[in-house]
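You will see subunit A twice below: alongside subunit B first, and alongside subunit C after that.
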Partner chain A sequence: MSDSAESPTETQKEEIHPPPDDSATNDDKKKIDVLLKAVGDTPIMKTKKWAVDKGRTVQSLAQFISRFLKLDATEQLFIYVNQSFAPSPDQEVGVLFDCFGSDGKLVLHYCKSQAWG
Partner chain B sequence: MADDKDVLRDVWFGRIPTCFTLNPDEVTEREAEPYYLLLPRVSYLPLVTDKNFPDVDLLHCPSNSVVEAHFMSSIKEADALKHKSQVVNDMQKKDHKQLWMGLQNDKFDQFWAMNRKLMEYPTEEGGFRYIPFRIYQTTSDRPFIQKLFRPVSTEGNPHTLFDLLKEMCPDALTKDGEEKRFQVVIHGIEPLLETPLQWLSEHLSHPDNFLHICIIPTPTD
Partner chain C sequence: MSCGVLDEEEFSRCCQLLLHHSDSVGDGWSWEAVQSSDEGYLKKTVLRSVPADQSITQKHKESGSDSEQFDYCRFKTEEQGVNGSADSLRPDVEDEDDCVCRAPGGSSCSSVLQFEYHVLYSCSYRTPVLYFRASTLEGRSLTLEDVWNSVHPNYRLGLQSRPLDAITQQEHPFLGQAFFFLHPCRTEEFMKPLLQMTWDQNRPVNYVLSWLSVVGPMVGLDVSLDYVTLQQPTV
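Presenting the complex of A and B:
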């Protein structure tokens, strides 16, 4: 991934927006809602809810979180879905949302060390 | 059925004749001969190619442990879909290791001793919770299609490969009276579209427990 990739849109959302009542499919929307949760002693993001482009990769999101938290370049960041598996870095968040999202959002846990193997 | 178990072996031992040629930019004094390998269909390229080969710059895998991590994350993602991760989480670390070692060392029995647990499901359910699949289309800008899809309909009827394609990429299916434009290929063959998806998932998945389905335009010659 190149460093010139832009960060996810910094839409500040403090409350959870309910999914639309009409049957608009996910394909109609280009962004999905992601909720970031810190694990262990990993710093907590001040803004937890983000609208992220569906085509954004897990690696790109991890890099964004690292930069946002001002982590050391050498520090690794692990991302987990459903508190059970770490998706492949090249996986798109849109696919994860379609398969593992709930209540209109994708919850991702992030950690500086391996939390769930 | 005894025949079904044979399918597992056929999938595991499938091979692709491959020819590697050196990039002309890398040729030095003497001419490099083409290099031929019979690659296992189900393995990963970084595992079978020599360190001396020019780098395959897709998902960069500098070491075997990176390939292992990628493999295990696929296994876990597949089980999240099939069993809400219950089966893979009940396995011990050494069981996970056995899956990887079986694949890495081309040991069918070692691999399937563990993998069979990932292929079980409660009898009353009729199948997995959702089927782990990825559909690759040469004519699409998306890397692949992966969505939630149940193996059994709400009425209790088994879903077929046809049902999956109808839902995910209906254009791949041939309409009545039309010429066949696309081939639906898994492990190099075209399974019958009436094949139950649950059966395909249990028998024709890759070792990472995903059904990798390719939609390719029908060859014209």
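Presenting the complex of A and C:
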């Protein structure tokens, strides 16, 4: 399963695409499909479906989305599973997929908010 | 529930649901009733082992000592007068405010801290509010900086670069003791779109649980996925 990302920047390529040796083994069980949905007036990502390494943390994904959306330092991003619950930042998306995945994908909602401070 | 806030009755109801789950998985939350009224708050005490590399060693590395061999952790105590001895920390007191623990043999030193989290209802903001405090096992209170340093780096990012502005010291409304608290001013703002979404989809949501899952990690409180997965229908 490949992602449908255009991945225009170097950074995105590094983060989403696997390192060379992983792709050589062609083990796509190491990645899960994630569908990102915006909440409220958070910008909608042009690319919503991503193949993400199972071991990727929620925090890492949130950072990626923040950069992708070009959020500034005063904004922070929250990610929710099951439309209601923010998983721990160091939770692995693979675990979330096991718990909440359906139809072969994990739906994550993301929402931006003004940061504290 | 409406517009990102909730009334006290809803708060109590959500807390009871959370407690029900907590009891079934042994997560340790309890309800502290205020006198004999329906008012009360959630409480949880957590013991946490804090490794040396997550403490504030960097600022206090001494030159010319064998600090390269040892990892040590240091807690700046609040000025409460007597700096009591701490057998488990093996203190090497350098000034009256610091307690240094050294672990010989180059192994990383870790100390056990006690964290206490309270979830209260704020009538003025109409949201839950998180109060917390931390101390060593000997009862020495931690400063906010030490609390912050004990939180896993991944969790700290949630409060951007100026986390301490959002956390202030406050007198606990019921206990009258000094606690840290996470200011509720942003709560309605981040809860509103979440609640709106669940309303639109006609899905009930536990406000307190959702809120806690967001703010908990900011202060080192983990809210297990159990709370949500246990609600899932069996596949």
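Here, the second predicted complex is superposed on the first by the 84 of 117 C-alpha atoms of A that agree within 3 Å, B and C clash if a C-alpha of one lies under 4 Å from a C-alpha of the other, contacts with A are read in each partner's own complex, and residues count from 1 in each chain.
Note that in this section a contact is a pair of C-beta atoms (placed from the backbone, for glycine too) under 8 Å apart; a residue touches a chain by one contact, two chains touch by 3 or more.
On a predicted model such as this, the values are computed, not experimentally measured, just so you know.
After superposition on subunit A, the partners subunit B and subunit C are seen to clash. When the shared chain is aligned, subunit B comes close enough to touch A:Glu92, but subunit C does not. Within the superposed three-chain model, A:Gln114 lies in touch with subunit C and out of touch with subunit B [touch as defined at top]. When the shared chain is aligned, subunit C comes close enough to touch A:Asp41, but subunit B does not. Of the two partner chains placed by the overlay, neither subunit B nor subunit C lies in contact with A:Phe68.
When the two structures are aligned on the shared chain, A:Ser84 is found in touch with subunit B and with subunit C. Counting residues of subunit A touched by each partner, subunit B versus subunit C, the larger count belongs to C.
Clashing C-alpha atoms with subunit C appear in just one stretch of subunit B from the list 2-10, 38-46 or 182-190: 38-46.
Under the contact criterion defined above, the residues of subunit A that touch both subunit B in one complex and subunit C in the other are 81-82, 84-90, 95, 99-100, 117.
Partner subunit C is touched in their complex by these residues of subunit A: 39-42, 57, 59, 63, 73-74, 76, 78, 80-91, 95-96, 99-100, 109, 111, 113-117. Listed in rising order, the residues of subunit A touching subunit B in the complex are 81-82, 84-90, 92, 95, 98-100, 117. Per the touch definition, subunit B reaches subunit A in the complex via residues 59, 69-70, 73-74, 76-77, 79-81, 85, 88-89, 93, 96, 130, 143-144, 146-148. Listing the residues of subunit C that touch subunit A in their complex gives 152, 154-155, 157-166, 182-183, 186, 189-190, 192-194, 196-198, 201, 203, 205-206, 209-210, 213-214, 217, 222-223, 225, 227-229, 232.
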